[in-house]
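Look for chain A in each of the two complexes below; its partner is chain B in the first and chain C in the second.
For the complex of A and B:
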């Protein structure tokens, strides 16, 4: 890693922790989300035609909390800094240094939200295989983090970007996920479908299908590559 | 030093049933010699800020060419700085972007802290600075790598009188050291500070160049 990249990553981290509300949201929202949603998801699943038990519902609520928080936080971070990032590139900084900083931020936020979510689930539920649950929630958080970064390049405006992420998440969670027992090519190809299935398998100690792992890994790699490319080619008009 | 040749720029309204094209720049041509202070003036909407962004490389022209000899420094009208970094951290970060060693960045920071008299704010977050102090930092960042061409977009907005006078002292010393300074403004009060003034009107250079 070049010294310029290290400096940019360090500057990004300092800026993030100097906004206390960022940390509060990351640490407080997942527990609230899990406590509020766990039993409701199980009940709601029956209404939508699904068949989720309370433990599965709790696992899903943890995955939702981590993914939506990481997605929105990554969008805001990349969107808010876009014009100053452009000035740094104009000054001579290689765009890959900024891309590395944004990817590092997304990784860090995803790790924090995942750790908090899994910690709450371990404290309040019986978790069959915590390592599987952790991997599934981390994958979902990263997928939405990279979606947030990607949207920051193409969607102007905080409000518009937040709407797009929330609408995508609602479609993903309510149509493609296990909540409504979503089946078929469309439902199964939505970003959260496979990580959600893995998280439930982790909660209740059920087998994990290879196709779920392949879809999750594929989404993660493709979105990481596309988001990194888009960020490094971002042109900012000042 | 800088040659601008036949630069065109238009903006099209997207997602409209009746497409409209706004021609902002219509074949702008001029050149600037070394060691000069040049004003680029025009009314609001005359295209001067768009031209500045094209010269700086922040925007692409539809046609024409820009050729630049040497290092560029750009001071945007609105301070483009990270709010959650201190002044010192901002100098260090931009120093890395310019390819300066840490010692060189520190020397540049000290020089402009003293010159523009904002040393006492060195450890302060940008978000806590007054508008005038932000503008001092904004200007210092554009200068810290000793550019040969300096583009300043409304640089003295927010300066008090003392800083305004220091600004002209600074630009005078930059010119003496061989730097070309292009200053964009919607009005120019003291023409004596400039070697030349270019008037931009309706996207083209107006006849009355002085």
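For the complex of A and C:
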């Protein structure tokens, strides 16, 4: 990591921590969400034709909390810094350094939300394979983080970006995921489908299909590459 | 510059934004249509107040889900509208005051923008639900959903002040889902609600939605009181916050 990238990351972290409410909410909301959602998801799954138990529902709620919070954070942080990033590039900073800083910020937020979510799940549920659960939730959080970064390049305006994130999340959660026993090409190709299946397998100690791992990894790599490319081009256009 | 002129000026910003206008329509359509068509068509029993008594009624689950998705959608979208309208106010309203607009007119205009956008998202959501679901008392169903929308728009405005842009967004993505999506939802909370659930902002309006949706009389007086108290308190808070900010700018 270049010193310029480290400096930009440090500045971003200082800016985030300067608003302690952001940090507090990032730590408080996932537990609230998971506790509220755990049993509700199990009941709601029946409404939508699925058959999730409470442990599976809890795993899914942890994955949702980490995904949505990381996606929102990445979108808002990347869109807020667009103008400043342009000036930094004009001042001589290489676009790659800025892109690396944004990717690192997304990774950091995803790690925080995943750790909080998994921590709450370990404290409140019996988790079959914590390492599988952690990997699945981290993958989902990163996928939404990179979606948030990508949206920040192409969607101008906080309200519009928020609407797009919530629209995608609702499709993902209620159509594509195990909540409604989503099947078929459309459901299975939504971003959270495979990580959700892996998280449930991690919760209840069930086998993980290779196709879920392939889809999750593929989504993650493609979105990371596309988001990084879009962010670096935005800097050049500054 | 009077209130109407400022409202028209601020609305111009939204009218020019084709993506936002499309999303204001597309999001409710997708949310509610999906909810109705993905729900198992089996009966659901839940309690409502009818003729002054708590009674258990049984309704098709897609109808219940369609009805409850309207306040959920309204709360989500109106909350975000309130949040970002308030954040936009922080950037632009001081310039309007410096340009000669009165602080009261600017505050009124900002609240009017929140009301107009909330009405749009809520009425679109109601319109989509009405394709598949006929509430027992339509006007009360509309009014109840508007109350939920206004309440959450004001919660969003307060969240903007208390938590800022990112923290406010965190809150407005999670709060409506927990409040209306779980604790006020008869599909998830069967039987009487716990007392603390009745203290949440979505309680009153959502009970009114269920009453208007599935009974032909009006019995939810406690819910009506709760549904009115929340927005009144929140309006007072928003006016106070705006007023304090404007006073600082004028000084």
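Simple rule for what comes next: the second predicted complex is superposed on the first by the 234 of 238 C-alpha atoms of A that agree within 3 Å, B and C clash if a C-alpha of one lies under 4 Å from a C-alpha of the other, contacts with A are read in each partner's own complex, and residues count from 1 in each chain.
In the analysis below, a contact is a pair of C-beta atoms (placed from the backbone, for glycine too) under 8 Å apart; a residue touches a chain by one contact, two chains touch by 3 or more.
Please read these numbers as outputs of a predicted model, since none were measured by experiment.
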Simultaneous placement of chain C and chain B on chain A, clash or fit: fit
Arrangement angle, chain B at one end, chain C at the other, chain A at the vertex (C-alpha, nearest 10°): 80
Partner chain in contact with A:88 - chain B first, chain C second, else both or neither: first
Contacts of A:185 with chain B and chain C, given as first, second, both or neither: neither
Touching partner for A:4 - first (chain B), second (chain C), both, neither: first
Partner chain(s) touched by A:72 [first = chain B, second = chain C, both, neither]: second
Partner chain in contact with A:19 - chain B first, chain C second, else both or neither: both
Larger contact residue set on chain A - chain B or chain C: C
Superposition-derived minimum Cα distance between chain C and chain B (Å): 7
Chain C-contacting residues of chain A that also contact chain B: 19
Complex interface listing, chain C residues touching chain A: 17, 19-20, 23-24, 26-27, 30-31, 34-35, 38-40, 61, 65, 76-77, 80-81, 84, 87, 162-167, 169-174, 177-178, 182-183, 185, 187-188
Residues on chain A engaged by chain C in the complex (per definition of touch): 19, 21-22, 24-26, 29, 32-33, 36-37, 40, 43-44, 46-49, 65, 68-69, 72-73, 76-77, 80, 155, 157-160, 162-167, 170-171, 174-175, 180
Complex interface listing, chain B residues touching chain A: 53, 56-59, 72, 74, 76, 80-85, 89, 92-94, 96-99, 125, 141, 145
Contact set on chain A toward chain B in their complex: 3-4, 7-8, 11, 14-16, 18-19, 81, 83-84, 86-93, 236-238
